[in-house]
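To start, I am sharing the structure in question, which I have written as structure tokens.
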């Protein structure tokens, strides 16, 4: 007789693909590494420390929350770590640590865990954290340092941060800040002012390519998003720039790459079908340009993604794939 | 033309009645469990806000102002609105039952909707002319509709998948969602298009 | 019901804002500072008491068909009086509460209590109801405004609190209003559950 | 002063106008609605559980007013609600016996074997769709709580692998019975104290193999009942509650202790003590009788 | 039936009429009591603002509703009211109440302009539509004091635009608006002669 | 050019696409007839067959021991000669006990008198269909739908026959070996089917991973005006009939309708073989080819076994288990049913029996959907599994219905790709049952 005591009965299918949640999140973290390296080069070691603090805070908040509500701890899926890194990446390097920690709390507890955690939240946690910080401490959140200057590693308040402030390229274009526009090349490499993770378009493109290659994300959202911004900035040049120049600045500044590859693609807060993702991307693009051109602040990526996050359910509803074998009439409508 | 455009954009996005002015919160939370009903409520509010703007503007301009009765705006306006709403409700119920089913059932809620009286008073405060008042009323209503439909879609999603702690279920999590939504709508603040 | 019991109902178990969830607009809009919160709460309470009394008095003679119009006219009358009095004698409060004073008219609590309570009960009962419900409303506003003013402006009643030297402005923006109310109601639900 | 006059005039005229307008409108646009529907709805519990067979409390209220449902149509509200509804409708209520749901299985984790390790969704129907369930007895409660999710009143819970009804909370809405894919829940009258705690139609030997407490179809309960209230249907006894007098003799007779209330360990122990006592008493009586007989014989013998 | 119907009209209209009558009577009465204090309060507000920006007697100039002035940098600013100021019977300049558009709406500002081409001071009467803690801090004394003695030649600007006004932290838009308001006031005053 | 459809997955590794390498080069081995066979009366979709024999009867090989229990039903034949030792419920692959005839083999293989070749050409079409019915032919592709029903209801409606040699399920190679070793039977069977159904065209559809079969089949088909070879790209679930029809003809079977409504009839390759055997040899369905494979099997093989053979004997023939099994499957890993013992008989539709040593399905506790949308991209029915699951897990039947849960063919593509490891198919099975139950209840209520 054979020993069947270990036999498990489950429903089909009985084989599964290799990928799992953790490996996907791991891929995202890997894809963010190039940007982390460039930022560290540009802004110094404080970048690493900021990222570490943010990740640690996110993991701790998630653990505490799970403890309180009596759920199994979920930090193993690494989604909180991704949130942590991305939150740090959308903050200026000079942000006091305590503010960053508050932001992490907002991200993980308010925007994610209260709704049931991974996959249940409707709004991008990292960006919600950023929006909270921006509205609460706008000064701290818009104090940029010039590339190459080193902010104090451990200082925790604005005053003691010993760095030269600079303006972001977009702020200069918009005219809300003084300064010379950096060259396109230096923007590609990341030698300009801005949030920690958004400065180097090249590093972000490498990360995005990695995600595409690993099939973690599909090209639909980033392509639609970047394409829309490109077309609009090309057609309607900003701040006295030439058409093409305006487009290039529009694409490579203001965290558009970060947003398009890493944040608009966040699974929980974007549509599930490719058609929906295209609509979502276009919406993000339109809103980004609208906010950049007409809004109260020069930078529109964060808010445009947040705004589109609120429409995901509707988009999903109206971009549902037509089922196989649907009657012809339904086909046309769908 | 530009003023109409800027009024519209302002009312729909920038100074959204719900998300930045807090007018009409009760129906916003009360009638936003399903997208369909939220849409119906949005339509009804838009209709009443437009109509109320027109009527109150007329009353204000041709009756109250000439007689120096500015202090009676609140009373006069609300009386007009309440009667109007009740009248429309009865009218719809009898004459257009289909429309009544879609809109009419929300009408009683609208009498006590801050947005309606709010828009009437704001029209006066901002010194809008007749056309501008109507535009402000209608677009304010559209802004309300935008907010409530989006909000309803979020609540449908919460209903379908969220797992919040027991004490946050229902209104609290809805409020938190509204808070996050308002945060997103901050993106429109300070916007100038004209 | 004894007054104490009614008071408990108004403040906690039946709190108009935190349990019945009506009258949300002023709750959210005017609680950016404690002074405003109290001002709004007391103004609404005053209107609530007066309108409850008058409506209870007239409840027998007002026909059903013009009920809403009649109630709302009465309420609007009281509101306008309060508005005028505030403008005349406490102009600073009037300025900061702005539009929300006339909007007391449409505060769902007032018409709600008129419909649900005053039109069915005696004058005395209605007066008590007005007081407790008004106090419940005021209580909720005070709670909200303490949290929001402290976190959002770093002050309490205008006086700076040192540890909140860098307040989170968002708490006095709309988003903060929704957030605070959501959390307070959640706590309330937890407490009520325990109390059961 | 002129202001006051204007004010009075304007508002007065408006009041008059609107009053007349509304009066007029209410005449022209009058629509018949049955005011009793909201009144009935007010009385109903508002749980929208569907236990009444309608799509919700509102539907039931409409049905009651239209005469399509009885005033005690709401099983949840029970007599109290029925009375209130009846008051609205102006009719009398017929008293209905309260029923409660009962799970006819005692196959807890230790009593019944598992034939395989199941992994998958927590849903009894889902488990059945995988190799027809994981318990050795194919009639056993799977304990994955499909009934628990169906209950709107928190009245049924899975304890130690078997669902158990909390009689004090159960409103006899029957949702759990409808949800159970094993069909082992039914509504039983609350006042009769006996229930059968097994649903197995298997033969005695198969039952013995699978479960330590399953019904083996010995019919002792049927034979014990003095009121002809228990009958075998297939391999399982069924109680006719109309005839059942609640004497609990069947429960005491069952050798597998699956007739409530005599199936909890304490009760079983009690029962055994009782039986031992009875046996002892019987023995004593017999001995006594024997002794008496002997004595009699002895006396008789002596007499001879 | 007909009679009854008529009765109902009378009854409904009558009762509503009666209620409105009483309400309006009361309102009228309250209004009568408060009308003067309110007027006083309103006047006080402008007077305070005027007093803050220039110590002189004021005389209101008629400004049609909706008057706007376009500054040199192209922003259009609404003029709320204007006052001709005299001190000891002598021309002292103008005070102009402007409403430049800030972050969320108009920033109601009183600007004093002396005859010798200087800003005598400004007073932000209301910045209610600006963000508390940011633009709303334009009502603070420290910020307003910077404008005193600025040249009244339409060149007032925040540092970022090459001027000398230190913007409120995180609220450049509001600061810029107030500066533009000052320039508009200057222009308006110049037009008055 | 190879045909294919939109959606689907491609399980396997680079070295072992489709996990078929363990058996795809192993010729079919004929397993010695067992000492005892267990023949359940329900080996097909439809009414169970009615037992014709009783305990103690002596039966011959190929003798009908249970007759069809209705039109949508099929008879059962003795797969060995010998003595009926029991007629009683026995464990079936579906986990419940099903009425079965147990025959003790006398190892004589006495042919029953009914087993003799038939003259196809001289028979009327009705006689031919009757012959197929009498031979107990049911779909060998796994669904076991009685073939005569499919033929009968398809005549006049169908203009195309598709022979399903996709065998897209991982691990399974039984059809592959049949195509390679007995292509004549299959092609001949298709010719019979074409004649019976009177269709204009027929395709033998084979995935490219079985290219080694093409040459022989093309040779057999050379000059045939009707029957063609249709190469398919490798993709699961190409073998599902709706997807197959779509891939080859471009037609879509309307939702809720049958292949015949798209003018197609789909038969498994071995179903065609069975048709051939029924006419050429007169032999009813008494054996079938089973792939025995998986990481726990010592020596994976393709075995031809008598229907009713205990699976344990197949395992023994493959050298037993090399590791204690963690999972036992009747059928492929995507659609097959989990078993808790090998003590079950081989049925007409059993194309594979797999045993895995590790948990190949990588189960997790409390899986949560991360809304990655992978399931949406792969669903061959173009459904939205993520939402179906959302509604199903809350028992929101309206939502399930609206999101077309009833159109799900339970192919498992979604669950295969799901990184969160949600048991999607199980959810949908349950939801489908509940929705159908609800519809029945509503229909009943409407009638009332």
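Chains here go by letter, A, B, C, D, E and F, matching the order in which they are written, and residues are numbered from 1 within each.
Here is the rule we go by: a contact is a pair of C-beta atoms (placed from the backbone, for glycine too) under 8 Å apart; a residue touches a chain by one contact, two chains touch by 3 or more.
The structure presented is a predicted model; accordingly, all values stated were derived computationally and were not measured.
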Q. Any chains in contact with both subunit D and subunit E?
A. A, B, C
(Q) Can you compute the centre-to-centre distance for subunit C and subunit F, using the mean CA position of each chain? Integer Å is fine. (A) 70
Q: Could you grab the centroid distance between subunit E and subunit F? Build each centroid from C-alpha atoms only and quote it in angstrom.
A: 84
Q | For subunit B paired with subunit E, centre-to-centre distance based on mean C-alpha positions, whole Å | A | 28
Q.
Centroid from C-alpha atoms only, then distance subunit A to subunit B, rounded to Å. What do you get?
A. 33
**Q.** Multi-partner residues of subunit C (at least 2 other chains)
**A.** 65-66, 69, 73, 76-77, 80, 84, 167, 169-170, 173, 175, 179
Q.
Quick check on subunit E: which residues sit in contact with 2+ other chains?
A. 11-12, 15-16, 19-20, 23-24, 27, 31, 103, 131, 134, 173
Q. By residue number and range, which residues of subunit D touch two or more other chains?
A. 3, 7, 10-11, 14-15, 18-19, 22-23, 26, 116, 119-121, 126, 129-131, 134
Q: Could you list each pair of chains that touch one another?
A: A-B, A-C, A-D, A-E, A-F, B-C, B-D, B-E, B-F, C-D, C-E, D-E, D-F
Q) Which residues, counting only subunit D, touch subunit A once they are in their complex? A) 116-121, 126, 129-131, 134
Q. Once bound in the complex, which stretches of subunit C touch subunit B?
A. 21-29, 68-69, 72-73, 76-77, 79-80, 83-84, 99, 102-103, 105-108, 111-112, 170, 173-179, 181-183, 185-187, 189-190, 193
Q: State the interface residues of subunit C toward subunit D in the complex, per the touch definition above.
A: 65-66, 69, 73
Q: Spell out the residues on subunit E that touch subunit B in their complex, using ranges where they run on.
A: 20, 23-24, 27, 31, 35, 65-66, 101, 103-104, 131, 173
**Q.** Residues of subunit C defined as touching subunit E within the complex
**A.** 32, 58, 61-63, 65-66, 69-70, 73-74, 76-77, 80-81, 84-85, 87-89, 91, 95-96, 98, 152-153, 167, 169, 172-173
